[in-house]
Each structure stands twice: as C-alpha cells, then as structure tokens.
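Each of the next two complexes has subunit A plus one other chain: subunit B in the first, subunit C in the second.
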Partner chain A sequence: MTDETQDRQPSAAESPQPEAVPAAQAAPVKPAAKRPAKVADEEISRRGFFSWAAVAWVGFSAAMGGCMTAFGRFMYPNVLYEPPTSFKVGIPDDYPAGVVDDRFKESNGVWVINDEGRLYALIAICTHLGCPPAWLEAQNKFKCPCHGSGYYKSGINFEGPTPRPLERARIFVDPSDGQIVVDKAQKYQWELGQWTDPSSFITLA
Partner chain B sequence: MDALKGFINFLAYPQWSFTLSLVGFAAIFWSKRLWSKTGGWLMLMAGTLFFGLSLLDPNFRKIVSKADNVPIVMMVFILGFFVWLSMNKAINNDRRLDSGEPTFEKSEVEDKVFTWPDLVFSEFICMVVLTVVLVVWSIALQAPLEEPANTSVAPNPSKAPWYFLGLQEMLVYFDPWMAGVVLPGLIVVGLMALPYLDTNPKGNGYYTFKERKAEILAFMFGFLVLWTELIVIGTFLRGPNWNFFGPYEFWDFNKIEPLVNVDLSELIWIKLFGYGLPGHWLPREIFGILLLGGYFFALPVLIAKRGIGKSWYEKMGPARYYIGISLMLTMMLLPLKMYCRWMFNLKYFVHIQEFFFNI
Partner chain C sequence: MLKKLQSGIVKSQVWKSIFRVGIPTDNRKRAMAMLGNVALHLHPIKVKKSGLRMSYTWCMGGTSFFLFLVETITGLLLMFYYRPTVEYAFFDMVDLREVAAFGIMRELHRWGAHAMVITVWLHMFRVFMTGSYKPPREFNWNVGVVLLVLTLLLSFTGYLLPWDQLAIWAITVGSNMARATPLLGAEGPGAALLSIGGTKLIHVGSDARFALIAGRTIGGGTLIRFYVLHCVGIPLVAAWLMAVHFWRVRRDGGISGPM
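Up next is the complex of A and B:
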C-alpha cells in the first residue's frame, strides 16, 4: 500500500511539465506549414478548380443517388411469395352447415365457416401474439400452438391468455359468377361491435 | 412402476411442481448440510439416478434426447453444480468468519494473482475443452432443421429458442404487452438498478451467504425459480397445443384440458353479485384496479411499517426502498398470477380491452 502511494506522487507532480513544453515550441513551427499550399495554387486556375469541383460533386451526388435508389428498390422484392389478400373460395353450396373449412388455412390463412345460417371467414392469426392457431375437429375449437389460446368455432376466445376474439375478414358473393370472395384487407373485430356489419358474413338461404 | 410414474406426472403439473419448488427453494437455502461435499455428491447422485432411470421410459427419452433439448439437460446439471459450488464456498467462508479466521479467498491469495500464467492458462484450457465439446456436439447431434417457413403454418407445439422459453411460459399467464414488453423490460432495468439499490459492501471479493441473505435469496428466487424453472417447464413439459404434459406422458395431440378462463370482473360481478357485467369499463374493472392499486401502492407502505420491511426501509432510505420494493412486487406478480390461474382459472385482474390494458 505505502509503495503504491509513493509511486503515484512523483508522477502526478511531473505530469504538468510535458504539456508545457510542446505549447512553447508550437508557435515557431506554424509559418512553415503554409508554404507547400502556395505551390499547388499556381498549377490550377480558380475557374478551373471550380469547374472540376462541380463535376466531382455532380458525379458524387449521382453515384450516391444511384446507390440510394438501388437501396430503396431493394426494399421491394422482385417476387412476393404471398397470396393476394382478396381471393375466391368457391360457391356457398361447397360449405355444409356446421363445418369449419380448413382448405384455405395453409394457402391463404383463413377458415371459411358455415355456422348457424351464416358464412364467415376467420383470419388464422392468434390475437394473443400472432401465431397461426390450428382447428381441432375432435375438440370443436381453435387452439394456438404457441401459448395455448383457445377459440370457439365462432372465433370467440375462451381459454388461454388471449385478450380478444379472432378477427373476421370481409366476405361477399361475386354477382358475376356466384363465387364467394374473401377480402383479408378488411377486418372485423368483435370487441368493436363489427361482426354485425353485413359485409362480415353471408346470410345463407 | 406405472403408479410411480403416474404420481410423478401428477406432481409435475405446474400447480404442484411450482409449489414443491417453492418449498424446495426455502429448504435448500435453509439447510447448510446440503452445501457440504457430501450433500453435493448426494444431490448429484440423486439427480443422475432419477435421470438415468427415467431414460428407460420411452416418452421421457424421446423428449430429453431431442437435439433441441440435450443442451437443456446439460444446463440443469451444470447450473446445479455452479450453484452448489458458490454456496459451498459461501457456507465455508461463513464458518471461517464466525470463528474469526480470514476468508478462503484471503488465505489462498496474499495480494494479487498474475494474468500469465494464472488467468491465461485457465482460459487456454477452457478454450481447448470447449472447442472439443462443440466439435463433438456438432457431429453427434444433427441441427433440428425444419421445412421452409410458412406464415400460416406453425409447428405444434411452437417453441421459442430455449433461452426465451421462460418468457414464453410467462406469456401463458399474461397479455403479450405485459409479458413481452413490460416484464422483460423491468428485468433488464431491475438488473441495471441492482448495484445502486444494493449498497451492502459485504461479500465484495469473497463468497458469503449469511452477510447477504436477502440479496442472494431475492436474486436466486428470480433466477432459479422464475427463470430457469420456467425454461425447464417450457422445454420438457409443454407439448402439442401448449398443453401441459408430465415427464412420462405421451404427447397426445388430442389431449383435452379444460382451460376456460374468466376475468376477475366476471368472478365478482357475475358469480359473487349475480349481476351482469357493467357496460362501462370503469365500474366493470374497478375491483381489479383497486386490487392492483393496493398491491403496488399501499402494500409497499404497509411493508415499510413493521417487521423486516421496517429494517429494510431504515437501511435503504425511501428512494432505494420504494424502487426496490416495486421491482420486487412486480416480480412476485408472476407467481401470484400463476397461482390465481391454477386456482380460479383467472385470466386477467384488469381486462380493459377498450384500450388494450390487460394485467
């Protein structure tokens, strides 16, 4: 302990001195540094310098602009491996009463369900943390494999941690060919009272 | 044998295994004999025996030998060893301190140790061993690769990387906003705040338990019970549909587990009062809000009034005490919520879906 403190004291006393020396010497050195710059000035005229600088800046900006454009373009993939949000799922007669149709879950992420005289499309994204739930036919419920949230056939949540029901997608019959169109871009949430919206279901005769 | 397996499966269910681990946690830090060399050997042998005998069961073997899960088995044993090692050193030091001797660290090392060879040589050995382990591991266990990702299909069960399984288990009991943002954020903030909250200078440079009991117990509870145990549960005991499965139970995709959950508001307004739910969220959730308000704002004041809480308050001062106790109570919210789920199927204390406020 005592050795360390003795070592430290002299070094602390010395430290101001090395700083003082260069400060005193710095003043005479300064004029010498200016000389080489003058030689360079004579080889290129003022006008010529500015025109070259302009060319350089334009070139630099164009290159940066090109890079940024390419970078921005990179954000939009050439091919999007996503199905369209709006698609046709056959005619209403394809859906027998009380059945949850699992055919479009893997390709388009929706279930089309005929329940109590209405046809509706549930979006297969768990409202807890966004995993895709699975339809369990034997237990008559949707069950999420990530945290165990469960939903009835209607999409209402009843078990697990999920705070709200599944969302429904816009569904309507295309008058030109009688096919059902599901539009996932338009969503209907139960807790906002949107499931009564006539475009969130098809009334079956 | 089947009866024994059935009993262990039953005990593994979270309400029982979590209770048992609370009792076990209290027991291992209560007894000093467990941290002796004999106690350590006994624990190691008991663990190895349990694991070895369990390997005879095909369901257990299948889960434990999954390429994803092998490191978790290693982790359990390694973690056990290091907890035992540090506690063994701490208990030995406590005995030395009681009899007035210098601590083990002080008697072993006079003043300082050299980087070379003391540190660098150990590091070199570690490097060689680790390289060998990683090479053998990468040859022996195939990487668990799956089919190309599809946003509308998830493996069942869908598991996070092992180090996030504690968080995933937490998400079973809480809203994602709470278990995914607030609580993990508070874990990080709380760990950063620890050096400022804990001003006890004891245990600096040596292992000790009796001089830092509250600090060690609080940390170990969060680390061993609320973090590691939840990782182990999430890894080995969560099966298809995120249902719970005992260690010897077959992972049946059609297992039916009734988990209908209700909110505190429904329990009080409908079950207790026999009345419908009020339309507006404030009267509907007022009991939950009062409960949580009391828990977070009245309870710290009450704890500071008497008993051990009073001594904490006097030792830490108001600012440190209130920050520390708030972090502590937030941590304890997890086991409390878990028990409420297991006992009353409680979904949320406060469930205001009008503006996504669910606790």
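Up next is the complex of A and C:
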C-alpha cells in the first residue's frame, strides 16, 4: 500500500488535471492485483479472521444466553399475593368434638376437624385433579364438584375417580400463646403411613 | 373528458407505483398481476381441478384459516372492552354479552373457537385419510401438528379469560398437568435429580407450573399471563407457521389431488 501511494503521488503532481481522475479510478484495482505478492501488515489474515469470528460468536452466544436466562428468570415472580402457608386458627377449645370447621376453607384452604380426641387439618384440594371439595354436613362427607370424588370426615376416599385420600397439614400448638398453628408447607399422606406422625395431629386432653 | 381523467389517473405516478402491471391482456400479464400483488400472490396462479372438489378436500384447511381470521377480528374488538384483572374480567365479559352493542361479537369469538378446534381436527383427519402427509409433504404435516397444538393452546388460554368458576377450575385441573413435566415439574420424573446438597431446586415454588401460572394457585397473575399469551404470543407464532404451512402447500405441488 505505502509503496503504491508513493509511486502514484509524483505522477499526480506532474500532470494535475487530466490524469488525476484515471489514477484515482485505477487505485482500487492496482493493489488487488498485487495482493498475493506482498501481504501488508494491516490486512487481515485467514487465521486472524477466524480468531475474531470465534470471539464474536462466543460473545454473541453469551449475550443471547444471558438474555434468555434473564427472560426465563423474569417469568418467576418474587412476591406472591397469596395467603400464607402457615397461619393460626384459634385455641383447641374453639373446636367441639365431631365438628368439621369450615371457617378457614375459603381463606386458607383447610378444614380443621376434631375427630375422636384428635385435631387435624385436611387440605381442601381434591387428590384427583386439584379442585376444591365441599363439606356436606347432611351427608357427613366431602364431595368434589368437578368429578364427584367423595371423602369421609377423616379424609379417606370412598367414591368417585380419586385415587387416594386427602392430605393433612402439619398442626401444633404454639406454646407462646396457646394458639393452633397450621402449616400447609408440610403435608402428610395416608398412603405413605404419615398420618401416625405426631406433628400431623394434636391430641386433645 | 371522462376518458382523459381516467388516463390521467392511470398514468399518474401514484397509480403506477401501486399497480405496476396494467389491465392484463394475455396469460403472462395475468400471471404477473397475480405475482405482483401482495394479496393475490398468496393464491396459486393455477389451481388443479381436483383441488376444487369439496368432497375430496372438505375445505377444512381453508375453513380453519377463515375461522382464525374471524377469531382475530372479533378478538381484537373484544380487547377494546375487556380488562384482564381479577377485579374486572368477569364483569367485563358479562357486559360484552349483555350491554355492549353487537353482544354477538363475544359469542362469535366463543363459537368460532369451538368450531376452529373441530375444523382443525377434521382437516387433520382428511389429510391423514387421503395420505396427503406422504413425501414430499411430510414436513408440512409436522408444521400442521404444531399448528394443531397452538390451536389447542389458544383454546386453553382463552378458556380462563371469562374468569368464572368453570374457567378457574378448568385451568386449575389443566395446569396441574405441568406438575408432571420431566425435570422441570415438581412432581415430574427426574425433578429430584436437580438438587444441590439435598436442597431441591425444583419445588412447587420454582417449577414449570409456577412459571406458567405465576404462583401456586390460579390468580390474577395467571389471568394476565394467559391474556398476553392468548392475544399476542400464540397468535404471532401461529400466523408465522401458517405462512410457512401455506407456502409449503404450494412448494410441495399444490393441494393434494387423488393419487
């Protein structure tokens, strides 16, 4: 490149107007013809091209991966406006024997039941497909409106398509204020033999 | 006078820039007129006689596309009234039915959706029974299967939007399937493998269902999420795949005729 510009300069200087234009036009052609003979330093080599291409592709892939990760993470909310999974439901004396308490079903999705000296919390989610069953006092059973699954007061299933009993939640008395705490994050399944776990019920005096 | 005006318009730059070919007088110009117009070029220049036989094609693909257009137009109109929040969604839906002018618009959208699911299935059935999935059309069959899934997803996401008891519990039941997603569902196979030092990475607060419905139970977050998917996400993908689908029908030799 540098040699050629030096070659061209005197000719352009000697004959200013008529030859200046053809020289400029010929300029792009000349170095192209001479390129194989001498590869200048600034010119990108085959190896250099692929090195840069590799860096560019890695950078591009990393950027895309970062974006996709961000998009994916964006879909997971940080704050949920849902009722807490652990909550207080009053003192044991609030629950007379044999009663299925419907008060916390709408707000927290559990029934608190006093049955034969034991207090337990049944989670109000049908184990068939996840609908909320209803407590039918007159028929003494839980009945799901979606597909007709039925459960006894204990939560054991006896009719409809459901494959297993309702699940129970962790329940205990908070020693600080004597209130019953129900914790839905911890579940107990009958078919796994978990209903004998002492934290799945409260023994009443 | 009138003739002068007409030739003045036809020779104007505005007219010529829009209609490049004049009134076609021979076959070549007719073909050029079809190819040069964005609306007409979607239609093939020549149609096989067998392609017009209703008893063979049932016109179920065309009817499905027509219903997609009906859903797009009526759905766009519904969007002017419907607000996808827990507070308003149900009442806006009732208003659309009871007090909005042309309350039939909502019913058209609803019945059109039912009809589209049926016609897409019938189209698939016809294509299968006539062997039209065979080479060279096997790729287009696969595009069609994806379009079928998208049609069902449109139907599923639209199901939640009335926000009545049927909608909420139907989506509760339907979205429970996502719990069983391999690896990414809390109750799915392989989910237990994704854990670090005994801490589960995939649980009810981090699995695929959680991302789908924006929470542990169906709520306001689910409503807006399904609304966006229903109105923007899925229709865009479906429209693009439909373009590919129709293009491939032409490339693969037109609507399949009797072999």
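By our rule, the second predicted complex is superposed on the first by the 127 of 205 C-alpha atoms of A that agree within 3 Å, B and C clash if a C-alpha of one lies under 4 Å from a C-alpha of the other, contacts with A are read in each partner's own complex, and residues count from 1 in each chain.
Going forward, a residue touches a chain if its C-beta (ideal position, glycine included) is under 8 Å from a C-beta of that chain, and two chains touch if they have at least 3 such contacts.
The model shown is predicted, which means the values in this text are computed figures rather than measured ones.
Engineer: First (subunit B), second (subunit C), both or neither: which does A:L80 touch?
Structural biologist: second
Engineer: Which of the two partners, first being subunit B and second being subunit C, lies in contact with A:C131: first, second, both, or neither?
Structural biologist: Both subunit B and subunit C are touched by A:C131.
Engineer: Between subunit C and subunit B, which one touches more residues of subunit A when both complexes sit on the common chain A?
Structural biologist: Of subunit B and subunit C, B contacts more residues of subunit A.
Engineer: Classify the contacts of A:E106 with the two partner chains as first (subunit B alone), second (subunit C alone), both, or neither.
Structural biologist: first
Engineer: So in the superposed three-chain picture, is A:E191 touching just subunit B, just subunit C, both, or none of them (first/second/both/neither)?
Structural biologist: A:E191: touches subunit B, not subunit C.
Engineer: For A:P161 in the superposed arrangement: first (subunit B), second (subunit C), both or neither?
Structural biologist: First partner only, subunit B.
Engineer: Answer with first, second, both or neither: which of subunit B and subunit C does A:C146 touch in the superposed model?
Structural biologist: After superposition on chain A, A:C146 lies in contact with both partners, subunit B and subunit C.
Engineer: Show which residues of subunit A both subunit B and subunit C reach, each in its own complex.
Structural biologist: Looking at subunit A, the two contact sets intersect at 129, 131-132, 145-146.
Engineer: Over in the complex, which subunit A residues touch subunit B? Could you list them?
Structural biologist: The touching residues are 105-109, 124, 128-129, 131-132, 134, 136, 138-139, 143-148, 150, 158-161, 163-164, 191.
Engineer: Tell me, which parts of subunit B touch subunit A in their complex?
Structural biologist: These residues of subunit B touch subunit A: 150-158, 168, 171-176, 179-180, 240-243, 254, 256, 258-261, 347-348, 351, 353-354, 356, 358.
Engineer: Residues of subunit A touching subunit C in their complex?
Structural biologist: Counting only subunit A, the residues touching subunit C are 72, 75-77, 80-82, 129-132, 145-146.
Engineer: Can you list the residues on subunit C that touch subunit A in the complex?
Structural biologist: Contacts found on subunit C: 169, 172-173, 176, 206, 210-211, 214-217, 219-221.
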